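Note that the chains are named A, B, C and D in the order they appear, and that numbering of residues resets to 1 at the start of each chain.
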Amino acid sequence: MKIAVLGSGFIARFYAESLHAQRRKDYIHMVYSRNRVNAAKFAEDYQLSFFTFDMWEAISHPETEVVLIALPNHLHLEAVLACAKAKKAVLCTKPLGRNAKEAKEMLDAVEDAGIFAGYLEDLCYTPKFLKSVKSIEDGNIGRVLWTKSRETHPGPHSDWFWDKEKSGGGAIIDLGCHCVEIGRNFIGKEIRPLEVMCWADTQVHPIEAEDHAIGLVKYNNGAIGQFEVSWTFRGGMDLRDEVMGTEGTIWLNSFLRTGFEMFTTGKGNSYVAEKAESNSGWLFPVGDEAHELGYPHMFTDMFDSMEKGIPPRETFYDGYIVNAILDAAFLSAKTKKWEAVIIEDWRGEQASAISEKFQDFDEYHFLIKKEILPSGVSKLILKHKITGEVTQREE
Amino acid sequence: MKIAVLGSGFIARFYAESLHAQRRKDYIHMVYSRNRVNAAKFAEDYQLSFFTFDMWEAISHPETEVVLIALPNHLHLEAVLACAKAKKAVLCTKPLGRNAKEAKEMLDAVEDAGIFAGYLEDLCYTPKFLKSVKSIEDGNIGRVLWTKSRETHPGPHSDWFWDKEKSGGGAIIDLGCHCVEIGRNFIGKEIRPLEVMCWADTQVHPIEAEDHAIGLVKYNNGAIGQFEVSWTFRGGMDLRDEVMGTEGTIWLNSFLRTGFEMFTTGKGNSYVAEKAESNSGWLFPVGDEAHELGYPHMFTDMFDSMEKGIPPRETFYDGYIVNAILDAAFLSAKTKKWEAVIIEDWRGEQASAISEKFQDFDEYHFLIKKEILPSGVSKLILKHKITGEVTQREE
Amino acid sequence: MKIAVLGSGFIARFYAESLHAQRRKDYIHMVYSRNRVNAAKFAEDYQLSFFTFDMWEAISHPETEVVLIALPNHLHLEAVLACAKAKKAVLCTKPLGRNAKEAKEMLDAVEDAGIFAGYLEDLCYTPKFLKSVKSIEDGNIGRVLWTKSRETHPGPHSDWFWDKEKSGGGAIIDLGCHCVEIGRNFIGKEIRPLEVMCWADTQVHPIEAEDHAIGLVKYNNGAIGQFEVSWTFRGGMDLRDEVMGTEGTIWLNSFLRTGFEMFTTGKGNSYVAEKAESNSGWLFPVGDEAHELGYPHMFTDMFDSMEKGIPPRETFYDGYIVNAILDAAFLSAKTKKWEAVIIEDWRGEQASAISEKFQDFDEYHFLIKKEILPSGVSKLILKHKITGEVTQREE
Amino acid sequence: MKIAVLGSGFIARFYAESLHAQRRKDYIHMVYSRNRVNAAKFAEDYQLSFFTFDMWEAISHPETEVVLIALPNHLHLEAVLACAKAKKAVLCTKPLGRNAKEAKEMLDAVEDAGIFAGYLEDLCYTPKFLKSVKSIEDGNIGRVLWTKSRETHPGPHSDWFWDKEKSGGGAIIDLGCHCVEIGRNFIGKEIRPLEVMCWADTQVHPIEAEDHAIGLVKYNNGAIGQFEVSWTFRGGMDLRDEVMGTEGTIWLNSFLRTGFEMFTTGKGNSYVAEKAESNSGWLFPVGDEAHELGYPHMFTDMFDSMEKGIPPRETFYDGYIVNAILDAAFLSAKTKKWEAVIIEDWRGEQASAISEKFQDFDEYHFLIKKEILPSGVSKLILKHKITGEVTQREE
């Protein structure tokens, strides 16, 4: 694939490095940036054929097969609409919109235009995550009850993130979009998110937006998707997911504890580990940052899906649902109540998926718990189906 | 100290084993149990001088110096009132009451009687926890912004826990009492808890009470104390605490990952690890369970404090505050709104402790973030104090 | 690159899956296998254009640009000689030979033929390993004193491994080849390995070869490269490296503890984690096995190097040195003494790299140790340069 | 018990703090130190009744029931002989002697005098270790094949350790004594240690003794007890044990990774974690250092055994065996060969404990390995009992 990238900042560079590594066959052939110098520098660094400071030129260039949007949040809509107009396949970085209204407009535009559209939610493509989701689908942890996704670090790299108008919010929009979609994948995308409860505050930084938030998303089958996001964390970048199921548990650590530990007195004095807050003491680098964050597997799915003519794992519809959930989170943080997730166009299951939850012990009792004591004896805790009385017995 | 223990179940045995280990000088001299057989068996197992099935006899026994309440929740009040009447020092297991009303009655009784009263919140006495609290008090992680305490396992051992009338609730009362008090210690007991948001559900077990809950406790200085409690967790007992501060982070794992890892094919077929859900595969025992759960240090503080005539680290007042917070949690789970914590007798600080939160960069700007780039250059993100404009510069 | 693969077993399939993933541009176009059915099956599974049971046909095929040797150890020599004859670039799986003599013959053949030859030591290409080596080269842990590389598991998949004639040995040749080369990379390939001390035994399996061995390789600068290899380990595949330097420490865990933890009761009953010895309890899968084991980065280096006309990171010369070290290890296991590493053609540094090791404190003393006491005082332990007297002082 | 402690340095203080904590009933009543000021200071700090600078006075004091030797290595013999003369029970810190000859003299003296004598090998009393040994005795990991005990840190606190005459050696005598006895406990004290292979070097410090060593101790049943000791490690104190058995694995981490992780920017600037080499970045404190290192359980066993009139878990005989093994290690480091362990008075089993090692598959074959493939099929690797041929089949 020949790719035109829009934007030349941190995320554009990260994409370029992922795409141009490991002898992949797809490549960026041109870059657009508002800033002429940045565009030229980017083209030189990644040996691109062209650069431009006219977005339309990049999109409509006859050799451009795919447009890769790596722009600040407030510029996504304009770029997507241009791709729709040009009938070019489009991949858009996360979050899709600053809110569900913007996201819906983008969704409608790509669907009306009939173009391929992928939502670049990289953290739903990390190898650990893909294997976890597969394992859940295979039934290894039973019915999913709760998921927690956490992304916290000391704050983003570029100024526009900190400006609520441009970004659409603070840590919730920047990090929560990852966490919410991670929860959806674990719980099942066909399950409707019903309502959200969210706490948010500006605890440390002199900004209008929140720099710390916790939210609970309630799904139609009773499962909860929790997110924990912050720009106030000290110690690096904390990326952890947890899943509780009726038959098992999954714990993922994608950055700070991945089997790479290092101590240095600091005498070498060189750059040691990405996103660490220190160059001495115990440090926890990752092996291949792009890989750990899901970029290579994400682009593989996108281009494979384009070639096969099928939707990718993460679509603009997913981006829209994420924005709808985050809208409810922002509202809840203000109203201090659970707020409904408003989805104009729900495409998943309508009814709740829970059939019956309780485990029969015998005709008269439910089994509450069975436990093997150190003595080897099984202890049973039972509940009478009619009287409701709780009793215990050994067997 | 000569101790009379009330109760002969799981927790009474755990207390007895902690007290009679490591050549400690305090000891249990008698036991009360409603059940004559259990009382006799307990007395035999721990070589006690006496046993009785009359609670008053144990409390009022002339040699009893301290009464140790290890009874189901619904029997705490009666036992505490009897101790007050007998003017005997009393230590009560957690939670103090089934609700704040009961706890307040106990608090008033011991204060009116002028007796020593200790609240046996063991998880606020684990060595890791004590060292963490000291480190926070020394300023090592700055201002505490958020704490999370998590206690989850597949459900309690005895029938009465599962009966809401006797216990006062489900996972919230059983496990939440630990987590809430852990949060209070980290944030500072002098900081008033203002309000609580809680989600609770019965996801797996055929019971009236909740078997899973998540709550956020908001404190007067803006800090959040989060609790995660469940009787639906698979994989053992998950006891983890986390603290985020402006200058640091603390992560504690008290049970499943403490530096003891073991794989067994299961051929030995003997009891391997406490609270594990399996006898084969990878197992994670703890070295000395009582120690990891805080029992020895807890009793040391209790008896040392009695001898010195000072209050212990954990008092009935703390138990009362915990119940007040949990009452708000139960209410919030129903109303789906933040609910105020009602405290009749607040003894901590009245006003908020936050002075100013923002860091000056120069006369005109706040510093949002400073980051050292791989190139060695410092990148600054600043906010203008008057215009609010966010800009970035390198230096 | 168009690749012909020789062999159709476990490792050939692993290579094929790595090469044909992630939209890489190099691909296998044909396969040779002694077994007609296996060849056909392999070609079908990986959609190859051709298959053959004539090795020479695969090597000499006009479209074959690179030959990938994925055969049992005793067939490497014949295959390499054929590649040399056909003047085709060759990549050979590890170990290069069953002994240094075979390896030297292969080295000479490819050098005489002037063909590109890469040694497929994948574990020297894992992302964690590459970053560690870079960090050491940057001076972050000072002078390397000791390295340990450990590879243990319950034993290999195929019958020929267990036959000493075909494999050249047991765990030492199968796993030690990795560990030795890992140590060489950490210590520096220019430093000459001098002698080896090795213990080896057949502790569990009914075989002639060793199923467990520990070895120490002494280098010319005083550093030690330790290897621990076994086919008797229970609990999965244990891949760990450690490095001690004068200014720091590195710990790598490449398989069993990489930030992916999972508990399952086993009810799902499906395949959960590769190389695990169980399908229930706590399991520790890896995200992308090929990536964690270094395959993608290895092939990238090989083909990039071929295109640039430079040697890859791992060459046949490295393979030869590894075999020479392992020969000394086998001998030492018999003689129970340190045995010299015999290298016919040493191409690294001749002299020892250590200049002076001791740190001056002042004109008269060396500094043995400086330690900051809890009181904040520095405690110094000094040695007089002439008298040798050891004293301590505080400052 | 009323205890007289000999010595007032680091280890004496550690003992005092362990004994006088947790309301234990045994206590130190007097201290002897060569240095009058230190003796007085120690007595004041721990509120002792007496202090003296006459060793005999402390030992022979009529109220002294037990003598606790916490002196530098070269003073153990004199102190033990004095205890024997005074017929006082004696506990001696590790190592027992500077060599086996000294240790044997102490062993003979206490046995001739008929006094209780305990060897204070604390690391064989950590709760994790005690539970591991119990688990091995219960058969949970099968036959023990190999153990590794590692103790490394940046070097000891006091000057005499660094002086070979006073200490008897370097890291081998200081740290190896722990590691060797840990291995003996795992493998079984009744199994005779046969021979030792050891590498030792002075890699960093300006001293005569070794600051780094690796050793292998071979036991009569084929098991290997490996030790890794160093005064050159950077990053804190690394205390790890590993055991491989035919049916399982044990991994213990006693200090640097025990479930307590902390990041601090260093602004608090106070003492954070013991033995850490830094006050900022990621730190890994332990909860209760004495507990993690085994002191409380060690003293409990010592005094309980005295009262019961039985030998403690760790005796002077154990101390002697350890010295005998270390003597062989020192010799091997010089001769570069395996050296026999010379034991004058072996009290364990004479013969090898291995009966037969191989697992029958059927009348004609041994089973080499059984593996369940992802397809669910079992793959068997077999060896013919007569021809020795290795074959594989699926079932």
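Everything that follows uses one rule, which is that contacts are C-beta pairs under 8 Å (C-beta built on N, C-alpha and C of every residue); 3 or more make two chains touch, one makes a residue touch a chain.
Every value quoted in this text rests on a predicted model; they were computed, and no experiment measured them.
Colleague: From the centre of chain C, which chain's CA centre is farthest?
Modeller: Between chain C and every other chain, the largest centroid distance is to B.
Colleague: What is the distance in Å between the mean C-alpha positions of chain A and chain C?
Modeller: That pair's centroid distance is 36 Å.
Colleague: So how far apart, in whole Å, are chain C and chain D when each is placed at the average of its C-alpha atoms?
Modeller: 33
Colleague: So the centre of each chain is just the mean of its C-alpha atoms; given that, what is the distance between chain A and chain D in Å?
Modeller: Centres of chain A and chain D (C-alpha means) sit 49 Å apart.
Colleague: Which residues of chain A are in contact with two or more other chains?
Modeller: 141, 234-235, 247-249, 263-265
Colleague: Which word fits the touch map of the chains here: line, ring, star, complete or other?
Modeller: Drawn as a graph, the chains make a fully connected set, so complete.
Colleague: What residues of chain C sit close enough to touch chain B in their complex?
Modeller: Residues of chain C touching chain B: 234-236, 263-265, 277-278, 280-284.
Colleague: In the complex formed with chain D, which residues of chain B make contact?
Modeller: Chain B residues touching chain D: 21-26, 126-132, 135, 138-142, 247-254, 257-265, 267-272, 285-288, 291, 296-297, 299-300, 303-304.
Colleague: Would you mind writing out the residues of chain D in touch with chain C in their complex?
Modeller: 141, 145-146, 152, 154-155, 157-160, 162-163, 197, 199, 201, 203-208, 212, 214, 216, 218, 222, 224, 226, 230, 232-235, 244-249, 271, 274, 336-338, 357-359, 366-369, 371, 374, 376, 379, 381, 383, 388, 390-392
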